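You will see two complexes here that share chain A, one where it goes with chain B and one where it goes with chain C.
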Partner chain A sequence: MFNSAVLTQVAVDGIGLSAIYILIALGFTLLFGIMRVVNFAHGAFAMLGGYALFYLYGDWGLPYLVAAPLAALVVAAAALVLERFVYRFFYQKMFQSMIGLLGLDMAIMYLAVIAWNAEERSVPPGTEALVEVGDLVFPAQKLIIAAIAAVALLAFYLFTHYTRYGRAMRAAAQDVEIAQAQGVNSSAIYQLAFFIAVFMAALAGGFYAQTYALSPFVGEPQLMIAFVVVILGGMGSIPGVALGGLLLGLANSFLGTFYGSAASTFVTFGAVILLLIFRPWGLLGAKEA
Partner chain B sequence: MSKLSTLQRGQLAAQAAPPGGAARPAAVAGTARRWLTHPAVAAVVALALVLLPFTGQDKFVLSVAVTTFITAIAAASLHLIVRTGHVSLGHAAFMGIGAYVSALATMRLNLPFPLAVCLAFLAPAALALLVGPVVLRLTGKYFVLVTFLFGEIVRTVFVNWTEVTGGSNGIFGVPAPSPYFAEPVPFYYLALGFMLVILALIARLFNSEIGRAIEAIRESEPLARCSGVPVLRLKVTIFVLACGLAGIAGALQGHFVRYIDPTSFATDQSLTLVVINVVGGMFTLVGPILGTLFMVLLPEFLRGYVELQHVFFGVVLILVMAFFSGGIADMGQLLRRGGAKGAK
Partner chain C sequence: MSSRALSKFKLATGMLCAAAAFAAAAPAGAQETLKIGVIASLSGGGTAWGQGLQRGVQIAADHVNEEGGLKIGGKTYKLEVIAFDDQYNAAQAKTAADRLVNREQVKVIFGPVGSPGALGSLPVTQPAKVLQFVDGYAPSILKNEWKGAYVFRVNNSNLEFSEPIVEWLRKANPQAKKVGMIAPNDATGQVAVPLLADAYKKNGFEVHTEYYERGTKEFTPLLLRMMAQKIDVFELNSNAPGEAGLLIKQARQVGYKGVIIQSGGAGIDELIQIAGPLAKGVLKYDVIDESLPRVKPFITLYHQKYTGLVNGLAPMYYNAASIVFEAMRRADSIDTTRVRDQLERMDDYDSPILGKVAWTGEKEYGVKHQLLHTFLIKEVQDGKGVVKASITPQPQQ
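On to the complex of A and B.
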């Protein structure tokens, strides 16, 4: 069963998963790195992204490449209201943010149950086409997801390294007070970072809903993914997210295929707990004083 | 300066202490808290609970009461951990272990109920002793995340270890403690007894030297260590005790509902226990008790609107964390503060 064709197939699956994982975790780590907020409601935004895609693409039939970013944009824009009325009270308060945002997560999840009831729906894939490379066959959908994720990550990298606002954002992540002293408008930067984080979570949520299923409760596994990836890579570290996402995606794909999903959960969570104990700042994170 | 002000505040997670706002001056205790903790008040409440079945033996009232008692035990046991400055998101897992151990001990091994309850205390406590020394080295967010994942692992074990735990179907027909305790009124007294003894034990613990050491750890671990408090050893001891007590709550629940399944001990339940502690008040044992009342009674008013209930709890959680971290137990304090502001 470990022949090269199967292994390649599993690796491609793993990269498709990794793309989703990285998108989810990137926003989570961004919020933590800049605002010191542990966003327990991150999965809820991903879930909303799934519903947005369900309506825009599944229901209204917009072209897929328009519907996917548009859905994420809608969720991120709507979430700015929450930024103003909830998140603003929790910036730079790590402990309070954890519990308070758990509350937000619960509120959003059950509002979704009221709005769309708890039954599972499915979002159709962007394309049914299959791509054949040699004797390997994979659905084109996976490649599209990976491509969109790659574009989003590249855009994020370029933004944070080569634009004025992106660099202000990185400055704020390093030290808010010093950044403010240099004239960085921290509340605008917070808003921007929040928007980007929710946008990516919602985008990933759409892909997740296409890969698995959609219900108000899909936020929880996605939140868990964000946790695991971010802990693996190191909280607040952006290269860490890329590494953690790839590791988790490949591990889930391999273990899930060969040993079942329960084994996959055990090994990944076990590994994360061990890592937390011996190296709590993660593989690429910075050690805190 | 900033260090000093951190110490002055009775703020959980000292490093997260905000400038003003949610901070609660430790020197001024809430008035509500002062009279609620008075021994006479506790005695009157206990007496009222003892007399409750004499006012009428409504089955519904009794079963709501028993649920309240069991939840109060679980919430108070989590409160022990919260007071050391850690928030566990996996506490229901330990409750679940107690429930499964007690159910299996009575059903498979035919052990008598008292022995089964002892096992339900020992098994989660032993597990806590195993993981405690490692996870309690972590602070703040990392502890929260590890306990969250730990709870999920335990739930996965419950679901997948089918031959012992019955998988996701759970275990049906958990016996009553004895034929006598199968009746609602005797079980009411059994649960009440457990609750009073455990709450008294915890209250006594907080009033002892150990209690003051616990406060010291929450305010500042390095300072506590410098003052000669064996920080890690004490935290592990408290964690072990708390998890054991949660196991008892789980066992009682199993023998009361007569049925256990993994979902009753999943993250949702852990979350409920955290909500109870946060909403009731994290700085006093009265907090989880008030929180339990709030959590058990409110659903009775919002019957048929289960989803709305969760939304409401979520919003309350946000409000409490954003504006008054003292919870219901500090309401008096809050009202006075509001009054003082209005007078200006």
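On to the complex of A and C.
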């Protein structure tokens, strides 16, 4: 079974998985890094992103390259209402945010059940094409998602390191009071960070729905993925998300193929537990003083 | 309190008293309410099944109420459906059964779906002699310490349909040698797979099996593992529609070109909805032929009341509830022992969806509480399930 064709297929599948994992976790780590909010409703925004793409692309037939970002934009813009009336009360309150946003997550999820029923539905992929190279077969959609994940990761890194607003975000993340004293408008920065985080979650949710399926409950596994990736990579670290997502995707693919589903789950969560014990700040996170 | 506020308070109190007096003076001949319990997965991944169950029972109850209620023993009962969520797990199903039996005092419970919930709720309902109508594959749902006295299974289990399906598949694919199964690692999968595997082995197939935890979305690693065994037939067994749809989609996406069949579960539309064009050619066990004149009225009723796809469990539970309400009428009682005895003698009743009622299971389970019905094998063609075969399983002699 360990022949080169299977190994290559497993590696390609692992990279495809990693791309989705990275996209899902990016927004989650941003909210924690800047506002110290553990966003338990992250999966719910991803789910809403899936429904937005379902209508814009699957139902209304907008061109895919327009529909995908537009769906994420619509969700992020609508979510600003929640930022004003819910999230704002939880900034810099890590533990309170966990419970409060868990409630928000459930409220959004069951409103979605009322609105769209519980049935699973499919969002058509950007392309139905299969890439076949020798024995290797995989959907071209995975390549598109991997490319978008790479671009999003790079853009995100450049934004936070080389733009005025990005640097202001990082300053607020390090010490909000000193940042404010230096003229940083923390409310505006928080709003911007929230918008970007929800945009990324909704974008990831659209891809997730295309790759798998869409129902009001698809947010739960995405939240779990975001958690594992961010714990592996380090809370608040963007390179950590890239490393965590890559490790998790490849590990799931290799372990799942060669040792089965139970072994994959056991090793993944075992690694997370060990990391929390011996290196709780993650592989690339900053150790808190 | 100001005099204006006081007079408002007096007025409100007066209105309340008048309303109470009016209610007390309501006619003595008004309908009594008969509570009907439902245990269903109304949250989490099994919600589509749970909603199907609940809606099927609700439509049947509404139908009875619209016709003036259930007339039993000189009384007319208005049916009230009370549903509790079991989250597709045994512990929650037991809690739901406790509430329905002890707090709501119901005599009849429909559900749950799935072996974990069914087995979890029986210790509450059976000693209390509450009639329960379940859909789960575990033989011990009927063959248990209470001798299945007050529990009925209202859908074929895989003990009834596995062998006939595999025999049909063998005839259709005489060259096929190896079958691969990917199944959920829970009571449903653990019960369904051995029975199905036995049927395949009896028909000369080699069987390769993989298990996964419910909630898994990415099956490519397991599919690669299974394809390395060079399988000819991919059997989707007891997977929920969502998981079955994903398995089909991902199997075709990694280049699997062999036969795909699902022996189990009702409803092909959700599976097609998820797998899309990649579902083409997939074979599936099903129970409902929507084109039949006897099924169409239910489908119309469903769409008048609810939106979205009709989950296969909705017509099955509409059928089951209709049989039970008819048994109550004929027994002229809501006493559960009398209703049960009547149910066992209902072979002449033409049920709305499945036709003539046939109870079996004496040999397999020691009690004749297994509904045996004709089933279909459908093939996905042009995005729709087309009936390929109709099979009536024979009761074991």
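Basically, the second predicted complex is superposed on the first by the 283 of 289 C-alpha atoms of A that agree within 3 Å, B and C clash if a C-alpha of one lies under 4 Å from a C-alpha of the other, contacts with A are read in each partner's own complex, and residues count from 1 in each chain.
Please note the rule applied: a residue touches a chain if its C-beta (ideal position, glycine included) is under 8 Å from a C-beta of that chain, and two chains touch if they have at least 3 such contacts.
The structure displayed is predicted, hence computed values, not measured ones.
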So, after the overlay on chain A, do chain B and chain C clash or fit? They clash
Using the superposition on chain A described above, determine whether A:V137 touches chain B (first), chain C (second), both, or neither. second
(Q) After the superposition on A, what does A:T257 contact: first (chain B), second (chain C), both or neither? (A) second
_For A:L104 in the superposed arrangement: first (chain B), second (chain C), both or neither?_
first
* To do: Classify the contacts of A:L158 with the two partner chains as first (chain B alone), second (chain C alone), both, or neither.
  => neither
Discussion item. Quick one: is A:A188 in contact with chain B, with chain C, with both, or with neither? Answer first, second, both or neither.
Written reply: neither
Based on the superposed arrangement, let me know which partner A:L7 touches: chain B (first), chain C (second), both, or neither?
neither
(Q) Just to be sure I read the superposition right, which of the two partners does A:A286 touch: chain B = first, chain C = second, or both, or neither? (A) neither
Checklist entry - A:Y212 contacts which: chain B (first), chain C (second), both, neither? => result second
Checklist entry - When the two structures are overlaid on chain A, which partner does A:L65 contact: first (chain B), second (chain C), both, or neither? => result neither
Given the options 98-106, 296-304 or 314-322, the segment of chain C that clashes with chain B spans residues 98-106
Going through chain A, the residues touched by chain B and also by chain C turn out to be 110, 113, 220, 262, 265
Per the touch rule above, chain B residues touching chain A in the complex are 12-13, 15-16, 18, 22, 87, 134-135, 137-138, 140-142, 144-146, 148-150, 152-153, 156, 159-160, 267, 271, 274-275, 278, 307-311, 313-318, 320-323, 325
Within the complex, chain C is touched by chain A residues 1, 6, 9-10, 13, 17, 110, 113, 116-122, 124, 128, 130, 132, 135, 137-139, 212-213, 215-218, 220-221, 252-258, 260-262, 264-265
Residue set of chain C touching chain A in the complex reads 43-45, 47-48, 50-51, 185, 210-213, 215-218, 220-222, 224-225, 228, 241-242, 245-246, 249, 253-255, 270, 273-277, 306-309, 311
Touching chain B in the complex, chain A uses residues 38, 86, 89-90, 92-111, 113-114, 220, 224, 227-228, 231, 235, 262, 265-266, 269-270, 272-273, 276-277, 280
